[in-house]
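Heads up, the next two complexes both have chain A, just with different partners, chain B and then chain C.
Coming up: the complex of A and B.
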């Protein structure tokens, strides 16, 4: 507060992930009167993770609507109001519950532009929260891999406050349905944000750390696990290129291909299941372009994610497993 | 008088159109509405140019009643590029918002949530129009209906729930699929204006639909009406008929179109010659629609990736 004003303007903002979400939503709601916010506890409560603090007070009950516990109707109403010209952001508390909203999201919204030959679209964002944090088998899942196979549906997964902000802004401007997934463990994490308004475009991965020995792809909370592993491996002389996918559909194939062409090896990391997982898609798309390369995949074990802390930790990949997998990939 | 003849004309068109379509070997998979024409036409008579109608998969009759052009619809159903959606949507999925037909969404009851969203948009815009959602007795058992009734009532959405109770959900009788005495009773729980009427009686359908639409239009929130109708054909053109021949013969005697013709003739409002002329006109319009469809090309295969994102 005591520093010079000129210096203050150039200094980046330091925000928690949840604050970055709120900032993006507030800016977009101010910018476009068609943007709406709806979902369970998004009103005066400010969101389950306080990620909508202040939004209700600023924009009021017409544009910020608490919904009853009714995910199918919440997603369906969002799809309908989107088709009618609005840009709703509908919030599904846990990604597990998004399964209840699949009909409107997948059968209607994702197909609306196609079936109407371009006349109608459903520009809607479903924001939902994935990941394990001690809440048990139906409150912990990462089902983004199910979603990336749906034609017409965009899927994004920020790992930093800056991307939470920039991807939310892109999502609210996208002319079709978007699933924006965050992670329970990310909300209390801080990060720097450019002071100037900006967006993070879909289909652009971020190289979080450059490296030469192996490419490590990841998204959401697993980016933090990947960076932790990469740091440890650097001490062993293994140089890891960590790529944060950010946008799962569309994927940034160019960045992925360029990295694997350079490193010649690939580890795909995700918190969800490896079977038909994001990693399988990433690897396949890369190998279609450059031919096969040594590849390992890491994800949850093929079991439900228990609230039991011992079983939960065993199920979900950690930095130690990433380190071990990369050692095997690089040293054979 | 003119309105009554126009409504009869609209019912005859639906019957002739569907018969013409069903007679085609290449008609694909269609859900026809013979026996339910009074529901479509009576409901449409209560809607104006500001309103939007959404339906489930049994969408041909309601769309025609709403004013979707028969030529464009026939082309759509037969997968031609002259269709309202270039032939890519088809029977359960087409839309023509310029005609006030926001669209079919053939996931039973899923369409009801979509309609509530369109109604929310109307409310936020202070738009003069209302939204009507037409669904069958089959959808009356689905959870999406109850969630939407609740939210529509809480938010006082300009939404008219219309159940076309044709007594059958594929093969399951209405009594076996919904425990409520009247399906419209479900709306009463949420404080809505409700009514169940004979869906074979066109004047009764029209009057009830108008009363309900006026109620919704006045800003009172949603209303729920039920029309009991009959299904003269099997569930779909590929589904086997589960009813006996004599049962179907008895149902055919209840045809809502013939009933309306008798009523108009008995009242001296319609002559025999005019009746025949109206029947011929409907057949002619259906055949013209078919000629238009036949003259329209299929899409080029390269269109398959257009309008995906």
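Coming up: the complex of A and C.
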């Protein structure tokens, strides 16, 4: 199980999320000897979510290093080796603990190009996993909205194995720091990939479903929730355009603006907090271009995510809430 | 009698598995407790063992194939020469272990 199983060429290449990540990392490490991997359990264990299965065996201890539970050091060392010319991928198992790495990430890596008048850059990727799945207040958060306001920092959030692959490849080629976030609830479901090697560029959203009555923006696991809601609303005669942002910084403003020009209404959906959230930024940027339109935002309640499953579910947006919000937006 | 082996709902949140390895071929007899097939999820391997004696008659999904929960993977019968029924078969009793 150290690599993907052989599949006949006639069948689609169907992979688990973790296998899509491993495929991208292996290809980029083979392509560029400056790409390094470091983090908790990324070595012979193959990653906390087995997303680096086979990487240690292929590239060995010179390029794959286990690190202790020391997030400031994991991010700080990555920033240093990036400044020295390498392309480290450093792994923070839970996004909550990325907070410990903010100094190196934000004060050093994201500002290095500016501070050195373009002489140095920090081409590093921090891969981390967000989202609520029964693990309580400090292992459930989505804090991507805190990061998209940092000049010099790219933030991407795949929702499918295909985008996990394509965005990881772009991240490892990007000439500056990138936060790459996935979500625990995305891991059980496989998806199809193109067999040909390819990248998914930053700043390019994906229209997951075309629609005419309302634009619904989302990212990461909330794309699944959005599509569920859109399917139910179609039966009521409400046509929802579902846009998977994929890249939060930079945002694909052109696609967002074109959609809202068409539909005239907007619901922004995220699993994190709505205050100063991704949705606020999405709406503001759209309205700067087309003028104000009816808009609702949906996200977590302003409360910590409980480890009690009933309270956790109460805190996080679900398809029912999306459906209700869109009914109000469309029908008034 | 004929019995069908379907993908068990062995791991919460998992809707689709990949067939990792069959441990027998059509015509082979299984005793209760014998390993029939290993199924792969995103983080675990599910060992599916016979919960009753029987003969494997037909494999409907190859190693490397994907199958959703409830999809028929194989047919079993009480004997090797029994004719297949026209209608649907009952479910094979199985035990599974998640490792």
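Note that the second predicted complex is superposed on the first by the 321 of 332 C-alpha atoms of A that agree within 3 Å, B and C clash if a C-alpha of one lies under 4 Å from a C-alpha of the other, contacts with A are read in each partner's own complex, and residues count from 1 in each chain.
Note that in this section a residue touches a chain if its C-beta (ideal position, glycine included) is under 8 Å from a C-beta of that chain, and two chains touch if they have at least 3 such contacts.
None of the values given here were measured: they were computed from a predicted structure.
Put chain B and chain C next to each other and count what each touches on chain A; the higher total goes to B.
Contacts of A:120 after superposition on the shared chain: chain B is touched, whereas chain C is not. Contacts of A:302 after superposition on the shared chain: neither chain B nor chain C is touched. Shared-chain residue A:72: touches chain B; no touch with chain C. By the document's definition of touching, neither partner reaches A:332: not chain B, not chain C.
With both structures placed on the common chain, the touch criterion links A:80 to chain B but leaves chain C unconnected.
When the shared chain is aligned, chain C comes close enough to touch A:187, but chain B does not. Put simply, chain C touches chain A in their complex at residues 11, 13-16, 18, 20, 40-43, 45, 63-64, 66.
Residues of chain B touching chain A in their complex: 85-86, 88-89, 93-95, 97, 102-103, 105, 107, 110, 112-122, 124, 143-144, 147-148, 150-151, 154-155, 306-309.
Of all residues in chain A, those touching chain C in their complex are 1, 5-8, 14, 16-18, 49-50, 185, 187-190. Those residues of chain A that touch chain B in the shared complex are 36, 62-63, 65, 67-68, 70, 72-73, 75-86, 88, 103-104, 107-108, 111, 113-120, 151-152, 154, 176.
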